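Chain naming follows the written order as A, B, C and D, and within any one chain the residues start at number 1.
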């Protein structure tokens, strides 16, 4: 489903965000992406949606070589990928309902689908009561959950989640993880960058660890890390 | 140092963000503010800097009744309070160095102080190498650390930190917590909203728990919570 | 993929409402700029009307001999009337010529006294040609006519009027063009800034999988409506101010020809409306495209 | 608390550089708008110069009796020369009057022949008063002078010229004022939008403890510099285009008086520079204040 071959990425002014990274993720897998702050996790995810371009190496997503994807096809690539962004990236002028609905409107879903699916997913993330609030009128964790709802709502083939529980309390986090797990069981490939040791340790899924842009560990049924504290 | 008496706050369209909250925090205390997403933690902190006004009740900060503070004095109140915002609130047009330096410039510190102190604090949060990057050129955790550095740099009387470790890996988090602890030992009152169970449980400081805007627990040497998982 | 009409409509109107400041700014700029362009166009039309009138006033005089026979006079009369290039002919007989002489030299009695009887003055034909340019060719026909003493043209006047007219018209075309360019610049500028303030929004839309056109069309509709409202305001301003300006001009003899008809105002208004919507829509499309490359 | 100069300077210039698009937009708007205002002001000055010239050309004639004695003539001559209201006097003797008569009626031989010798025509004084308004009072002095036959004014001409002049001047004042208002609106508009795009930044500054003036001053400096550059561009445009326009006008006799001196251009330029900086600085201050309430 996702394959990276010798991918490197250097931002101007950075030593290197990713160095010679090769990873292969099969359809239906659930993968945790861990590593210290600034190790390249978000960059990895951004490469998969063509938000950034690699300096070197090749990337396949859903069977397509995205290095050679013409730019008008990029939106269609992105529709197969749900994305929970680390900084949420909500549309500031749209309320909660409209933000989630937007992901469906983009792919041309008819109105009755939107009207039935959006409230359902908002219920699932516990935001049914906030549907008319604008993003600025939400707490940090609520914004994060809107971002999660938007990524889920169109049942994408692949789900990329960048620290989706960073602003959530443990019990809400657990609810979200159960949801992610459920989605994964329906066949969606899930790739989640996280710092939450307890979640990773409890779920025991494949763990890919980055450090300074390099792959330092790729472990099936892994734990967060060997660091002590 | 901080006293709230029967404080209530309702945003339009919210049932209630804070309800009849009374809290007393002495000088030099270290307090964790916990509670589920949307329980009013950020609102609590925003009331202390006059970013929001309470609907009801009275608030004293550093001996001043801030309900009756004339608006031109608000900046001077804020200079006594370091703030780590949940959404970082970095100045998008300034690089890392300038963002941190800004907090010193605002209080009129001379240039040589800025030039000596800012690199020191950037070193402390591990961002010495990123001093010329703009906020958009940083990873989530790096942005969070800039926000922490800015809040620390002018040695405020009070430090408010809204989930300062939400985007940080456990070992960076621990570094930040050690820093907070050190600052607290020099006499600064620290109030930190967090979801990180392991940090709260390890530090064993005073814990104030909110739920739906109400004070449900105020415990000296407390733990994160009684919820199981 | 077809973009749904109800999506575009909803999106456009909620954006117009939510970005009230930017909408106001864009509408204001369009209104001010197009009012400028409109004024330039109208003044140009008024000038061209006035100069046509003035040119129409250009004439030539065919002076007969004071003792020309009635036959000679009627022959010339017939010939002049038969020419298609001639718009208007007036016959000035001895008495009329004397009356005019007296009137002209009312303030200069020393001249007046030099002519004692009407018969001393020659009768003449005042001929107004269809166009100022035809004066020469018309006059040429009669130079050697029987009983004709002399043909007199207002040559210098004609030349000056033609020159001034040509200059003023060119000048006003340039003013209108410059105004149009300035207006376009200002409008595009405003739209650019307004969309710049929303560049992150555009980026997010792209990341969620929206195609370029999906994003662009509501922005274009937004720009079109802003342009239309702005242009309408400009037209309203023009229509509202016309009676006032016209009223001022009425008091001045020289500038009485200087006016525009309602249909000219409406025509210009239509041009402004088209301009406003095209600049608004196209400008938004261009401006938003700058931020679509995510 | 005093705000440090080096902080303001650094802040201002880095903002100008970092917000290149907004800077460009503001500068452009200022330039276009002030060029408009400047043109209106210059045209106004040119018109007022031209009308002064035309008015200066307004004169009266004192006709003597054809048989006035040399003594009578020299008395009048002295009196006219002694009047402070008189700018210029020309004595037209019999011969000169005849020459002029011949010249005027070159195309109308029938009149020419009516006067046979120069002595038939009266000598006269052509008097140009200091101001068009003085024509009446000057003339009045000589109506009953010895040997004076008649005093002739160019009454209608004067009245028309005064009317037209008053109208054109008022009109151009209005145009300049409207242009100034439109320009101010557009400039404020642009600044407002540019600062709107940075409202979050302003909010963050406040939250970090910055006072209102600490935030406002760099924005004002920014606006001032944008206004100054924009105004300079407008002035440059005006100076650059002047030779061209002047060159065009030279070809037309009627409009030869229609020009502005370099010092007028410079004076207007100075006005524009002051206007640009004031609008820029004040506009920024006002615009930023809207977002200071955090």
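Just so we're on the same page, contacts are C-beta pairs under 8 Å (C-beta built on N, C-alpha and C of every residue); 3 or more make two chains touch, one makes a residue touch a chain.
The model shown is predicted, which means the values in this text are computed figures rather than measured ones.
Peer 1: If you walk from chain to touching chain, how few steps can bring you from subunit A to subunit C?
Peer 2: Minimum number of steps from subunit A to subunit C: 1.
Peer 1: Over the chains that touch one another, what is the least number of steps taking subunit C to subunit D?
Peer 2: Between subunit C and subunit D, the shortest chain-hopping route counts 1.
Peer 1: Just grab the chain with the largest centre-to-centre distance to subunit A, centres being mean Cα coordinates.
Peer 2: Comparing chain centres, D lies farthest from subunit A.
Peer 1: What whole-Å value do you get for the distance between subunit A and subunit B if each is reduced to the mean of its CA atoms?
Peer 2: Roughly 28 Å, centre to centre.
Peer 1: So, what's the distance in Å between the C-alpha centres of subunit D and subunit A?
Peer 2: 67
Peer 1: Need the CA-centroid distance for the pair subunit B / subunit D, whole Å please.
Peer 2: 62
Peer 1: At which residue positions does subunit B touch at least two other chains?
Peer 2: Within subunit B, no residue contacts more than one other chain.
Peer 1: Among the residues of subunit C, which are close enough to touch at least two other chains?
Peer 2: none
Peer 1: Once you've mapped the touching chain pairs, tell me: line, ring, star, complete or other?
Peer 2: Here the contact pattern is a ring, one closed loop where every chain has two partners.
Peer 1: Which two-chain combinations qualify as touching?
Peer 2: All touching pairs, sorted by chain label, are A-B, A-C, B-D, C-D.
Peer 1: Could you list, by residue number, the parts of subunit C that touch subunit A in their complex?
Peer 2: These residues of subunit C touch subunit A: 1-2, 4, 6-7, 14-15, 18-19, 198, 200-201, 203-212, 214, 293-294.
Peer 1: Which bits of subunit D are touching subunit C when the two form their complex?
Peer 2: By the definition above, subunit D touches subunit C via 21-22, 25, 28-29, 32-33, 35-36, 63, 66, 101, 107-111, 114-115, 120-122, 149-150, 152-153, 160, 163-164, 167, 171, 182, 185-186, 189-190, 192-194, 196-197, 248-249, 251-255.
Peer 1: Name, in rising order, each residue of subunit B that touches subunit A in their complex.
Peer 2: 11, 13-14, 34-38, 41-42, 86-87, 132-133, 137-142, 145, 162-163, 166-174, 195, 197-198, 224-225, 227, 229
Peer 1: Tell me, which parts of subunit B touch subunit D in their complex?
Peer 2: Checking each residue of subunit B against subunit D gives 49, 51, 71-72, 74-76, 78-79, 83, 85, 89-94, 102-103, 105-108, 111, 150.
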